[in-house]
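Shared chain: subunit A. Partners: subunit B in the first complex, subunit C in the second.
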Partner chain A sequence: MTVFIARRLLLLPLVGIGVTILIFGLLQLLSPVQRASLYVTDPRQLLAVDQVIRTHGLDKPLYIQYVQWLWNVVRGDLGWSETAKMTVARAIRTFFPATLELTLYAFLPIVVLGIWLGTISAVHRDRIIDHFSRLFAIGGQSMPTFVWGLLLLMVFYGAWRLFPPGRLSLDASLYVLSPQFRAYTHLLTVDALLNRQFWIFLDALRHLVLPVVTLSLVSAATLVRVTRSSMLETLRQDYVRTARAKGLEEPRVINKHARKNAMIPVVTLSTLLFVGLLNGVLITETIFGYPGIGRWGGNAALQLDAAAVAGFALLNAGLLVIGNLTADVLYAWIDPRIRLG
Partner chain B sequence: MSVLAERKLAQQELPVTLSTWQIAVLRFRRNPLSMMGLVIIVGFVLIALLAPVLAPPAPNVRDPFMMPHAGYSPDPQPPRAGHPFGTTEQAFDIYYGFVWGARTAFRVGLIVVVTSVVIGILVGGVAGYYRGRVDEILMRIVDIFLAFPGLILAVVIVAILGPGLDNVMIALALVGWPGYARLLRGEILSVRERDYVEAARAMGASDPKIIIRHVLPNSIYPILVVSSLDMGSIVVAAAALSFLGLGAPVGYADWGQIISLSRNWIIGSGGNAFIFWYTVVFPGIALVLFTLGWNLLGDAFRDILDPRLRGST
Partner chain C sequence: MIKTRWFMLPVLVVVLALLAPTGIATGQAVKNPDTYVAVSFGDWDTFDYAWAYDTSSFEVIFNVYEPLIFFDGGRMDRFAPMLATAVPSVQNGLLSPDGKTYTFPIRQGVKFHDGSPLTAEDAAYSLQRFLLTDRDGGPSSLLSEWILGITSTRDDKGNLALKFGDLQRAVQVKGNNVVVTLKEPFGGFLSIMAQWSYVVSKKWAIKNGDWPGTAATMAKYNNPKKESTAFFEKANGTGPFKLETWDRAGRQVILVRNDNYWRAPTRLKRVVIRSVEEVATRILMLKAGDADSIALTRRELPQIEGDPNIKIIDDIPTGTSTNPAWFFTFDIDCRGNPDCGSGRLDGNGIPPNFFSDVNVRRGFAYSFDFNTFLQDGYRGKATLAKGMIPLGMFGYNPKQEYFTFDRARATAAFREAFGGQVWERGFKLTVLYNAGNVVRELGSRILKDTIESLNPKFKVDIRGVTWSTYLAAMDASRLPVFWIGWLADYPDPHNFAFHFFHSDGTFPHSQKFKNAEVDALVSIAAREPDVKKRQQLYFQINQKYFELVPSVATVNAIGFRNQRTWVHGWYYNPIYPGTYWYTVFKG
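Our next item is the complex of A and B:
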């Protein structure tokens, strides 16, 4: 196990270098003037853009530029984001907790719904409930996030004013920004409880409902399908027949013998879904005006905010690499056969 | 169909030896969901082919893909004579966009999927067949591309190349090929060890001939399944980029673009939230059905081609 993890960890810097080369290579399609924002911490420095280009070697050969840029990245110096009006590093610190909060709330319903529906679908194969859940899965996968999101907004905000877009309503956000409110975790629901401000907790929750529902429906669909096919395969195994033959009651057979063994691909997929949520909420956050990392990245891409786009891509790639590693380790941990291979 | 009836059917058909192809068609026809997928996609093909008949562009229009708009009315207008699906803001005709959008969808889907598959086959084929150092290098490059969440890499590429449908297609193809490369490599690694490949090699066949005649035809099926599923998801991704404002220019017949025009109107006005329903519902239906159709077809292909599922329905 240790060897396995060590080997994986050794590959990390290699992939990291590759990822930075790819981002750097894409950035080369921009002019040095456009790239200058990657090297400043204050927009006023850009008034002397020639000087920025000279001091940071933007007129030097590529490999020198790459090393210099990489050095900046390693030091956490990611440049100035014009869309957020702050440094990229600060923008990430500001927007990431919002996305993390959304992800944490969305993840639970996805996993519970996905595994539960997938299991009953496999157990009651070709019955009504199976058809229903397969239809749900294929429908969920076919429903683009932005169509779903807009329809939900139309009904639950447009018609009923129940769940507004954004992250907080105005009076709540004024209170959160005031000095009485201490930010412990930057996760609003948690902070609100720690500050004993129950109304802020409820307000934040209200804003989370629609994005969480949108994300859950789309992502749970994938999990349902994987759980179902994995369960079907396990239910066909000899040890399940043995368990039934020795007279165990059905729930025990399904929950202990079959499901445990069917969970291997499910755990992997869940890990990847979690990272995917942290990364891929671009559309959902844009629709619901939720001030997370995805909306910032989307805006930055629209306005060609080079430093922000690069920082956003680096963050996403980093998270995905860590996510893949976690998935591999979990995989090996659950299934001893993998380690031998 | 009940188990008994199915068994009866199988007995009736067994004496006649069926080709693999006939069995595939039979299995396909037995599954109502697969048939539904086929019907949906054939429907969209017809809409795309007949676009000039269904929604004739005005005479001497330079680009039929640009939705006609009568005036610049800022508010969407409900369905009425001449505009069966209503009009969006700036008075673009939704029905015209719906019909010509099918052409856009097929164009984007086919170009992106075919490009990705070709690159994927070249890279994955070389890596899987030659193994060793070539494989190692190529697969690490694939790893790097896969180290980005797809949509985000596409957004970054389009942002840097500049908005537009062509750049969206380039971006999606750049994002799409690594998946195919990895998939095909895995298949080829197992196929190249089979006896018939060994036999061909012993008979002195050249490498390209072995790859094209023996290895590829036996490892291509998973690609077929994934690419049919991709036809739907690529079009959705392109629509998402259009929705963000990175895709086709305003007024281009593209479903994502029409939906993005509806964004300002979903909360309705004058106390009626659903007053502008047509701006999101019609393009939304088009996108959902298109994706659903390809997903159902992809599932059908998987059921037919996956040997582990054979013999079960």
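Our next item is the complex of A and C:
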């Protein structure tokens, strides 16, 4: 297992270089003036854009430009984001924790609900629970996120005033912005507990409920379908029949023998879902006025904010690479044939 | 089993706690009684009083800083002393008989938010800094035109032409007075001062790296980059509210009460201005009482009508604004600019000078279905604009020719454009609006649909851009066609003629529109003392505006405001850039 992980880790720099070449190549579609924003950390520098082009060799051969750009990326200089009115690095530090917090809270219900419903749906094929589960999956997948979001918002906030939009209510927001509150992790629920402010923890949690439910409905639906079909296929395998023939109890057959082997496509999808959530969920964040990285990235793309889009792409690529590595390790753990092969 | 119960207990506590503080329990009791929450969709450009020139930023500025004199309540034609103790007039001896010298006695006992006392030196410095800043397309010309006799402080090469001596002579400190001497008399000068004579602390400005008030440093602080001034994100005024936070991550601005205010402190302890892009969310926030007023267009008004907790103040006359209009940029910065497409007249883009041909502009103007826009965008609560001067303002001509939707004329104009090349090759460009403004988005769609239907080779994209980025792109002449509106800085047609038509005005400067004949006409009209002649001159200017089509004013809308019924004390002054919270309270 260790050798397998080490081998995968050694491949990471190569993948990283490949990703940066790809992003750099796409950036070449922009003019030198647009690319200049990638090299400044203060908008005043853009006043002398020709000088920026000369200084950073944007009129030089591509390989020189690539090395220069890569060096900046390594140092964390990702340029200036006009959309966020701050450097791209600072914008990522500012907006990413909100999305990370949302993802962490959304991922557990997505996985638990997706795997559980998918499994019982397959086990009880064509019975009521299966119909319900398929209805849930179809509903979750076929209704657009903004419809779910607005619907939930109208009912649980508009009508019942239970779960408000945004990240914090007014009082909590004022307290968090005050010097009394120390941000350790920028994850509000965690920081609230570390600051021993349980009311802020609850307030942040209340604001997370609707975005989490929206994301769970949409993402868990996909997972239900994949888990169900994977389980159905596994349950038809000879070794499952053998296990049953040996007289093993049904829960043991399902949980020990079938589900573990059905998990490979589920792990892939879960990893992709996790990374997808971390990349920001533009629609959910916009509807709920949630200040995450997806809303910033989406805005940046609309404003043609080249530096922000490049930074966002790099972040996404990095997360995807880490996500894939995690998935590979999980495969190997679930199925020894992979690490031995 | 016991273990499971213990595990479930904290979960149960959290769930109950989450459900406990519901709106149902609180009913319609005043939420956050000492905090006013305004929810909009735009953002803020800067809080520098000499740089900002948009209503979003100025709504904050005019609650934090104070001018020497101010409008008297809802009146635009009467003034009240503010940081000056009297409004200059010939009768009180503070205005010279020739109408050129104004004396403003500075109020004693006023303190800035940092505790330092207000002096005449601060007031003079603030005016001089306002004149010196003169950023491209900014507000400085409002005062410099009359105080210095110039509409730009730079020569044709962009070098500073303003002399320190001129600045010192024009704005002087005499004892406890600030004396302002105009180059020539102007009847509307006090109107401008009522909105544009904000006073800042000189010491604070210098300490924070702004202009030290010396001749040698003038060039450095002329036409500065927005983010480089000391006032960009910080403020130290004398106003009823202090700027506490500009939370860019949370997209909100927080103002707190100035407890050491020289008048009675405001009843509100805090004002929070939040930016929420999604209109449905804003409406729900208003209905839930989490917002006290929201930004809304008339299209969405039915969604809050009939709510007993929301008050709609309708039929507000808006004779001080021309909103919206769309503008053409005559020399577009197409470098790396996808809104120009290929940057050539090849069917996939437009050249930088595309709108220099009046036939292109006319083609666009005749392509717009004004009536559909009026009905769908304003539910009929507007009248078609007849030029740049709004209905209700002096200089408005009810008989003025104006554009109507006319496919035949639009086609004819496009066929003429660029010697027939536009019709033959087609074009591709982007029409831009500020993101979140659904009426301007609708207008862009109407324009797109009609123009594309004229010729399959015509392609129009539309794109919404966040407010501050939009303003920056407009200033940089990067928007081929853009929507924006104008709220008067002072109630005089010159303010419209200048900023819609004069080459040093805000929009023409961004559009790169320059016409010497128009510049002269605008200047003459402003200085004409005879009322009848002056009116005729504005009729003439409006006719010229119709012929040259540098921009197209669409409608004069009837305004409205929404607020929770627990909000009191708000009053309307057509010239205000937003809510003046000093008088507002909840209860």
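Keep this in mind: the second predicted complex is superposed on the first by the 320 of 341 C-alpha atoms of A that agree within 3 Å, B and C clash if a C-alpha of one lies under 4 Å from a C-alpha of the other, contacts with A are read in each partner's own complex, and residues count from 1 in each chain.
The rule we apply is simple: a residue touches a chain if its C-beta (ideal position, glycine included) is under 8 Å from a C-beta of that chain, and two chains touch if they have at least 3 such contacts.
These numbers were taken from a predicted model, which means no experiment stands behind them.
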Three-chain arrangement built on subunit A, subunit B and subunit C clash or fit: clash
First (subunit B), second (subunit C), both or neither touched by A:Asn195: neither
Subunit B versus subunit C as contact partner of A:Gly139, first or second or both or neither: first
Which of subunit B and subunit C A:Gln68 touches, first, second, both or neither: neither
Touched partner set for A:Asn316, first subunit B, second subunit C, both or neither: first
Partner chain(s) touched by A:Leu27 [first = subunit B, second = subunit C, both, neither]: first
Partner chain(s) touched by A:Leu302 [first = subunit B, second = subunit C, both, neither]: both
First (subunit B), second (subunit C), both or neither touched by A:Val15: first
Contacts of A:Thr286 with subunit B and subunit C, given as first, second, both or neither: both
Touching partner for A:Leu150 - first (subunit B), second (subunit C), both, neither: both
Segment of subunit B intruding into subunit C (one of 25-33, 133-141, 259-267 or 295-303): 259-267
Interface residues of subunit A shared between complexes with subunit B and subunit C: 30, 150, 153-154, 157-158, 160, 286-287, 302, 304
Complex contacts: residues of subunit B adjacent to subunit A: 33, 140-141, 143-145, 147-149, 151-153, 155-161, 232, 236, 239-240, 243-246, 256, 259, 262-263, 266-268, 273-274, 277, 280, 284, 287-288, 291-292, 295-296, 299, 308, 313
Complex interface listing, subunit A residues touching subunit B: 14-15, 18-19, 21-23, 26-27, 29-30, 126, 138-139, 141-147, 150-151, 153-155, 157-160, 233, 276, 279-280, 282-283, 286-287, 297-298, 300-302, 304, 306, 309, 312-313, 316-317, 320-321, 324
Complex contacts: residues of subunit A adjacent to subunit C: 30-34, 42-44, 47, 82-86, 94-95, 150, 153-154, 157-158, 160-167, 169-171, 173-174, 177, 202, 205-206, 209, 286-289, 291, 299, 302-305
Subunit A-touching residues of subunit C, taken from the complex the two chains share: 14, 17-19, 22-24, 26, 32, 35, 37, 225-228, 245, 247-252, 254, 270, 272, 274, 276-278, 280-281, 284-285, 287-288, 290, 335-336, 338, 435, 463-466, 468-469, 472
